[in-house]
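All chains are identified by letter, namely A, B, C, D and E, in their written order; residue positions are counted from 1 within each chain.
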């Protein structure tokens, strides 16, 4: 089946006065219709940049230095031309971490939704507002007829994120990129928003690319998970399988270092921690970027960068330990 | 346990913190950020306060530190009422209670070198001689896992985790009895978070510290704390030891909170209670239970009469009309709030 | 190339030249600016008076060189006064807030409501135009914006965690205000201070133009004020000091702009 | 739109401020050596001590200070700003007669500056590293640095001798009296060109700088990224989403500057002999016409207050976040 | 306000001028020519307080005031009274009764006839309110009104100067029905005057413009020639010069223009520049010593200062040759000026230093002997006050006197300080007027030290002999004897130097060459412009 969206060999570079370095490298990803894919990783892993690249919104001084993105078989990046603008908003929508700052404070919620409809679908002012009310109702905002005339600061954080989702869904996009949509929210609200995304997907068949650092969120919503580290994909696979049986030492360490409320625990077990810090994008080692922090690293890891090995049906990991010769 | 350890190091009674606030264009009103909060903490133990934003947990911490002015109640620290201490007498107490802040980027003065930052509380509070202070800084650097040469670096030259290590070193420099930790790991990546949590637990044991630990993350609180108080809109709604709180949360809110923690997979999400809406604003608190609007089990009584924090069987404390004296509430029919993580 | 730092450097160079002129000029060109050296209104290029003479035959070049000092001193003094009053009021209002803060902000608003130039003119008329009165008048009417800026910065920084940390460590208020918060608030204040010097020089020249200056002290403004009526017959007598004022203010503005860019990474990045 | 209570509070503070201004000004002016009667008698051509005494009595200048102050405050509260010693007419009439000229000058200069300045700033912010941006920055710094009266003088010198196109003084051609509304408008507009341009130079510099920096800040805001993510064309992103936010500080400064309308115009009115309030203020200060001085100082303060209130209302209309700038 | 602060009061007793009631028609001559009628003249003018010359002295109100209001008589260029509103008059032999017969057809601008009631009313107003009301009309006991067109002035004692005070400037005839109500100082008609002169009020915008239109019902048939007078108001010399050069201003009396611009304007072929018409004013400029103040009480110090001043430089450079130097209390045009009696002080710095040494003021550290504060009249006599003050600062430095300039921002501060003798040195100037009794004596009479009053003997000069001379000269009717008395007066003063006279103050009139019929008589521009016309 042809993927809805396909990223091939994507590379995003940053140029400074003195040097140029990549923040995302050799990145491949296929999104199928209706699935939820989680991009997970620590800050600086390049996950947000991937989302922005799909929108054609890589911020200066960053730029796409290599690779191809095709949407429904159409090349979006070809011959140096970025056609992302044509599908942005209409076919691919994005929501962000901070609903407070992501909504324009000086326009009403309704205007911000209606604008999409008026621009992309040529609706009249009145019709657009009516549709906005419907959208607000659909994302679970009570009393949408009133809310539509309110400003972002007048509603709560959870409502804002719902409104943001309504904006994103206005033109029924095939793909919704959600960049840490719940990080800034309280845990009870976070659950509501995740529920909403799930519901949206069921109803509209939207493909969701969810960017998060929270393995718990991955466990709850993801069909497929892509683990990123230092601008590279290091593991990919169905979420349940990856969480249950991570093949990359980083993935397993990431899972192990999260403290979880465990009613059965009587004594405190020391948390596993990953020593050291993520190397800066401008100073990445020649071999595996994780080698310096990895408990299992050996010489080859430090010398040579491991490619993605297919470890099972639909699963891959970029670790020498996952290579065929090693597993044998 | 020794007798001394039995004694409460910190005893907060009916603490109340109000701010004048001009909400919107309306007239000035008092916002009760913390409303009749009472708890106690024994030496060497840690008490977690969890809650969502606006619950008053950070304000409680700041009030204990005397960084915000309480408008009522008392804070007995080792028998001395801190709310009555002012100026010099308060300063003399300060070495004994210190604080670790949330944001490792803004809690260190950007123009000071790391060594000076760690030394500062000793300088300000006049602890030890010149040489002793220098030696203490060396010890602390080693203890929190920083290199000696890093003493001369400025905060911006450190990563988030390293900064938080500096913050910890600074907080324990005066050999305090109590350390108030205000969301010490919430700004950190998970891998680093684990490093810092481990460090916190280590130094607590090593220096016999008491922690008043503020967090919104149940996992973190579970890891660090012996007892946990759950706050909702300025009030403590449940206060329990760790195990019983996680095993059988008494208050429907606690239960909802626990069930909302992601990570239980699709199956785990089926039986959780969906709370409607966001917490109400502290500007106009409802008459009865402040959770009543969002509580799926609320009855008329809940909406009209404010429940007090009371003890139920097993010494557990809860503020809910619907929970009976055995500690059974309507939500317990729904089964466990938290199951083991599948991963 | 016209880089942002480039213009700041250009500003610095101009300012250094002006400072050098102010310090060394009178010694190098030993003409008394008050002495009548020739006939009035000689055009520039005369061997006796390279920049011409004014309405009564005084050497404009000498006046320019000697006058630089007074103009710069008035500008600097007024700016210093503005900053000192503004920072003190703003710092106290921002740090303590509450009643004290409210009261101080009321005072600030009150001064803001008064029309600056008119008030300065009134003060100077009432207390006779000396360099001191002029500087004080400028200071009195222009500190309010500094106070507001300082207050805003203090309100912001006061809540930063390291300030809380300093209090938790038992630092006294005075220490927190002057040694913890103020240094953090300095970048925008330094920029403002730089610009204030320029504004004060402009202000002084405006007052001089209206005749409100001390005729005993040669300054650029005085030259303009005293030769204003001659402008149709002797363009140089007003244009040349005007250029000097313009260059000085331009130099400090460029420096201020450069500092602003340097302190404000948001502007720099993009 | 604006809550009544906020407006009421504003008004109350304003009244207190106005009272404070009256007392302050009155006290300040009475600290002055010499009294207006001396000036008046001098202006009349001299006079004997008897006349001086009589005039002092007539104007109440022989009473104790507190009584004079009290009388003054009372009469101001009833809308009477006093009688000009010099111009021999009620101060309020005098002010109202001069006000239109000043308003015309300042408002045209401000509009010119706001529109052009903001446009320049927005253009500069879009390509912050471009040559155009640098040029605009340097020009606006230069405009800010030039003494306004000097710009006026240079224009007069240049245009009077070299290129006598525009009139260099006054607001009307005096022989044009009775030219009818249309003729008068053209005449005034013609006279307005140079002074308005001069005043606008200074304002322009501020607006382009302000607009540039606030636009730069806004362009990096999250909601601008959202607007782009919505697939809106750059035109809408910049001129709708960004500009509406970036214009907020411009409104604030415009309000402040409009408040300083009288003081701001003194120099330009003096240079171009523009018959406005600024020049009246200058003249009344020099003539020690204290009722007029007091009247203008008070009037200016009221303008500032009104401008603040209006700015506040405009701000509230553009920026719905109420109390955001408390 | 350049000139108005110098009061016109010195005109009030025009003694010595023939006061016969000659009935030669003023302007009889121009009537012979066919005049161009119509047209507008733009007059450059200074700011003014209001338009009622009955309660306001000075040319600012006076120039337009004389156009709006008619008076009983007018003076010709020989100081002789000519009929104006009064077509004829008789003086009783004892000199105590003056009977005036008014023009039958004279009406006010509002059409109401002018009656003797109005004359009586106007006299009362002037007497009570004009700064010189008492000196001018104090002796007028009553104005009787036997009929509507006859006014009879009854005097307490003879008052030979009365006739010269009856000009429209000094006794404008106000309509009682307009000005009779309420306090005259706050009468709205002060700003919208109703008179009976050749021009009537049309429009006034303070600080901008005053427009007067032809009075169609003027009682002199065929007059005035012009349709309209526009007074363009400014205090800015630059605006005046530009206005003249561009042809925006046609007539600029008491020109508020810098001397440096005069040559420019002289070169302009469309303009005429003249100093005529100001001879009788005798405007002076001098450095005033406050003799109460040491070391200025020492004549050696004053002489030293005199020797440090180069009056030729002031005359030729600062004033660009447009004014004469002044070596004594009287201007050259005065009939009592006596060049040979003057003691002149030429520039001699060495002598000046020697005098100061002798007076016990050695050079101290910093090269200075002592310091003195010098003030000047702000905003007045722009051509000589401040420039000469600055010149003095530069000059006196050379003999070791440090001059601190003290600008008084406004006339009030100046008048208060000087009037109360708080100054050390000040630039000052009085107008001499044709007779020293009016303009000169007041500055030197020891009895005329009136604390608080400006333009009196503010320097504090006391010399009984000088007092005697002035009093004797005032009572002497033989011109030759008077001249002798004044010669001694000048000799003593120039020897004792209570003031250091520096120069005569230059006064100019500038006008468009095509403008004719200008009043270049003794009253200068302060006369009706009913004959002014375009060529």
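Following the convention adopted for this analysis, a contact is a pair of C-beta atoms (placed from the backbone, for glycine too) under 8 Å apart; a residue touches a chain by one contact, two chains touch by 3 or more.
By chain, with names taken from UniProt: A = ABC transporter ATP-binding protein; B = ATP-binding cassette domain-containing protein; E = ABC transporter substrate-binding protein.
These numbers come from a predicted model, not from an experiment.
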Shortest path length from subunit A to subunit C (each step joins two touching chains): 2
Chain whose average C-alpha position is farthest from subunit A's own: E
Remotest chain, subunit B as reference, centres from CA atoms: E
Between subunit C and subunit E, centroid-to-centroid distance (C-alpha), Å: 44
CA centroid of subunit C to CA centroid of subunit D, Å: 22
For subunit D paired with subunit E, centre-to-centre distance based on mean C-alpha positions, whole Å: 39
Gap in Å, rounded to a whole number, between the CA centres of subunit B and subunit A: 31
Residue numbers of subunit E (touch at least two other chains): 236, 238, 242, 378, 409-410, 413
Shared interface positions of subunit D, touching two or more other chains: 32-33, 156, 160, 270, 285-286
Contacts with 2+ other chains: residues of subunit C: 125, 228, 231-232, 270
Residue ranges of subunit B touching subunit C (in the complex, touch as defined): 62, 65, 67, 90-91, 94-95, 98-99, 101-103, 106-111, 120-121, 124-125, 167, 170
Footprint of subunit B on subunit A - complex, ascending: 42-43, 142, 156-159, 186-192, 194-195, 213-217, 219-220, 240, 243-244, 253-255, 257-266, 268, 270-275, 277-278
Subunit B partner contacts - residues on subunit C that touch it in the complex: 160-162, 164-172, 175, 180, 183-184
In the complex with subunit D, residue positions of subunit C that touch it: 2, 4, 7, 106, 109-110, 112-119, 121-123, 125-126, 198, 202, 205-206, 209-210, 224, 228, 231-232, 235, 238-239, 242, 245-246, 249-250, 253-254, 257, 260, 264, 266-267, 269-270
Residues of subunit C defined as touching subunit E within the complex: 32, 34-36, 39-41, 55-58, 124-125, 128-129, 211-212, 214-216, 226, 228-234
